[in-house]
């Protein structure tokens, strides 16, 4: 049934949610041919800011931007529409012998207190810390949920920052002794996901509530969504999409964690 | 003879250097005027002022008046393109375009709105014949002009200038690198053209000046030393320096 | 008046090797130039091999024509490929006339003074503005001021701005390099300045100008930052969408997206194939632009 | 001898005078001339307009940068911004010196690598290669420009850096050297192709003159051809340099993005562009942080203009007779 | 007179076009040889083969032998730079470098390893004096050579060639754009130089050929029609075409 919904939806913000958005957009357009959707991903924080400024209808963001989070003030007047659950995990290069880290060890590694793998049970090698850039939704979530809000280091010979999940993936894959963190869907066989406090980062462990490092991605709108925007958000929240494409994209449906 | 160009109190400076000093001469219509004088005395410079090609040399400053047919060509009223169309020029060093022979000659007419292929073909042939080059190049008019010999290039430039049918033709040592036969033919052409055109030529060849020109102007260090009808000048020069120069004793 | 000459009158005619440093330098120089030349050629060949090796054999029409997919393998790049050409052509249509006109002004009409020197420096300065900032500029202009959102039009214009300085300066220098005798010859025939430019200067300068156009076309083709900001990452999802206000993700943007965020399982393969297509198309553009030059050169060979 | 134009008779001087003057002509010839002049004027106006337009774009960008950028100094002192190396906006430290020095170092290093190689390639193309090779090489070099910067960055990340890591022994080889190598490859086509054109445009008569004096190729090229082409080579260098200064997407992948002064070529560090691109879309629009990034954009422009002026002065120091 | 250059059965092709046909002549040492002939007959081409400047024209093919002092200069053993250093050349069209006057003249010596400022100054002055240009330019040797007049540029090129002290000097219409006085001085110079140098000059000026040369070669369409001692040729040419040409009746 073709709908009569028309209009233009501009989406900006988180790059981690982009595959989801693009997939939803192409499905949505089939049913709503009169709706034009343009999606970009300049960065998580750009989403709500663009919405507030009126240059985007939807701001995709990896945290609830209507509330304060470390480093970012809340956006008054914006409504957070949850769309998906994402799981984050610490990852290391395959040459690293360590496969489990405690929260404390993670905090020490990412703040630069511990610089050698042997201090956390590995072989004698310098730890290379790879961090996402400031403002990344992944970083915000990882800091809050895996590091309990502890700060990252920001300098050092063995510390670098990368701009995107793809760069993180490539860097971890190619840099011996490196540790970083990433959205679960990006984990490949050329890197190793690390268990935290003995719990492996798997969908099962999220669903049984043992693995804590996950977050909800939101679509921020100015006030309650209306028109085509509303229809689009409803589509993405629909169980058809949540249990279909969203799952295939390795996100977790919202309903599963309720 | 009526004069067609009148130059009055002309001074020309290249930056600080004064290349022409108080030049005042008249150039008669439908006749050949020769400029002679030692190298570097300002002949080319004066020639360039006649069709305002000196406009193109930065740092050039001019004082005085140059009138062509009574019109001051340095006044704001005139269009420099019209001047240059009516007053053609052949440069001291051949400067063909990096195009074919045909395109070189047809260039001017095309710019002035002639486009018919037949008409152009005709103009190209006529001009090349007049410049005594036709026989050497007629088999391959599409050949690049840059592959011609020095003298051929110079004749091509003459043909190119003739093709726009100017009223006055300025020739800067146009025959310097030509053999006697071609030179003779160009002189003949000049002789014929002067029935209808006015010609000003720079030459280093006294015989040539004596042979073809009706009026001769002798320059020294940017000044006009003497100017008069050619036969008078070569018979009895007034100034001793002229005397010395034309008899080759100067310097 | 005589030349001093201490050598004895009858020269000994051996034209053998000249001793001395300069011959040695010549050898070294020649060797070095050839050496560097060959190394760079090998490097380029290696680079191209590296980039094409995996992707090229996998290319198929479906890939070129298909619509991208986020979940399943086998997504194509059709709309992005189309957008690449569309944005490129639009931006060249804007930047070539303006850039060339400005270059011609600087080479031919501009007075020779300090102000123009400053203008030149400004133009060069403009060419150092990072593409990202052109993107921000495009946002300020199209998204915020004209409020048309993320569009092909915005991307094309922003890209044109990005390319203006290079085109301007390359045109200027190429026109300036035309020997003054040719200019004089044309002017002396009574041509107007415009005629001289069109019929003498541009034909002679065309090689250099073409270099400039190829360089800017390449830059526009491979640019991603500007487009992500002004035209978005998405496409309209249709192959032949000529609407100027459609979202305009191009091939380079698609590659960026695939490399940095996509989750689709064959991302790596898509990236390789996209790279191969990009290189292939860039080569095609370069060759296409040059064909008229080659024909021209054949005609007027000196 | 052929009669050149039997139909026209030479005009009397007065006629010639008036035809030269602007006297209203008659018939189609006048129309044509008027049209030519008009189009000439129009063209000139278009050219002036275009030049103004290019300047206007620069002006707009400057305004865009500066308008937001100056707001930085409401919260940060000039001296902190320009002379402190502590960039830690989360804790209200806004020292941009690290990035300024980084940009200078990276540009310098890149030029150090790329100028000699590019000019040699240009000489190779213009003076030494056989024609067929030249016809292949030129488009291939231009092709390198069309490869997206993310591809260069990716290759840098996956091939260059592991290699540098091996030979340097560092745990992480991101830094100035990796970035400058990537940039060198990226600007190589720009510098070498434009220089190539400049060298090719040197009239052959100069080469002939030099060879006829018994000089060898080395002498002819270095003493005659390159000096005659130096203007063109200079602006090739400038365009290459500005490209290097302004490049972001590739640099950001290999430089490490750590706001610290590099104590070696292998230390992760950051430059103006990389820092802007990493952070500008990640901070709040109206924060001092954001303003500081715009200010850095402005500084970037200022630096590149200074460098351009410097290159021009260097070039002028040799004689100029062209 | 001993001959220093021997040309044997020389054929030269520009692509398809044969510009020199079976040329065999000898050029005597310490004497002046003049090449005459109509424009485009191959004089410059032959001159260029003598110092292998034709190597620089793509598509040129050569057959036959050119021996200088008994050495075949087209054999693999010789160094083309050495040839060109010993055999200087002045081109038909002046081609000064876009450098200062001083740098133009000092260019050759510098490249050949002379670096002392005083020595160079001396060479520059001497060469400019020999080329009769010194007085005109001595006040400003730093001036760009391109701002000189046509004739001045040509003399500068002569000075530049003299500065490397060649053994043989090839002059392609070097005096074509010079006034009689400068021409006379250059001729005088040639006359003097021939005591120690060998000179080959192309000229279109029969008087000049007759005046200064000891041997004359007459070309037509790439062939040598006649060559002999100058006084013989001008007194009693063997071939009727020569007769016609030197008396100006040809064509």
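A, B, C, D and E label the chains in the order they appear, each numbered from 1.
Going forward, a residue touches a chain if its C-beta (ideal position, glycine included) is under 8 Å from a C-beta of that chain, and two chains touch if they have at least 3 such contacts.
On a predicted model such as this, the values are computed, not experimentally measured, just so you know.
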| item | value |
| --- | --- |
| Set of chains adjacent to chain B and to chain D | C, E |
| Set of chains adjacent to chain A and to chain B | C, D |
| Most distant chain from chain E by Cα centroid | A |
| Computed distance of Cα centres, chain D from chain A, in Å | 38 |
| Between chain C and chain D, centroid-to-centroid distance (C-alpha), Å | 12 |
| Mean-CA-position distance for chain E and chain D (Å) | 45 |
| Per-residue overlap in chain E, given as positions that touch at least 2 other chains | 81-83, 85-86, 93, 111-112, 185 |
| For chain D, residues contacting two or more additional chains | 36-37, 154, 215-216, 219, 277 |
| Of all residues in chain A, the ones touching two or more other chains | 42, 53, 163, 167, 170 |
| Chain C - residues contacting chain B, complex | 112, 180-192, 195, 199-200, 203-204, 299-302 |
| Residues on chain B engaged by chain D in the complex (per definition of touch) | 2-4, 29-30, 67-71, 73, 77-79, 81-83, 86, 113, 126-127, 129-130, 162, 165, 167-168, 185, 188-189, 192-193, 196-198 |
| List of chain D residues in touch with chain B within their complex | 1-2, 4-5, 8-22, 29, 32-33, 36-37 |
| Interface residues, chain A side, partner chain D - complex | 42-46, 49, 53, 71-73, 125-126, 128, 133-136, 154-163, 167, 170-171, 174-177 |
| Parts of chain A lying in touch with chain C, wherever the complex brings them together | 8, 10, 12, 15-16, 18-20, 22-23, 25-26, 29, 36-42, 53, 55, 163-167, 170, 185-186, 245, 248-250 |
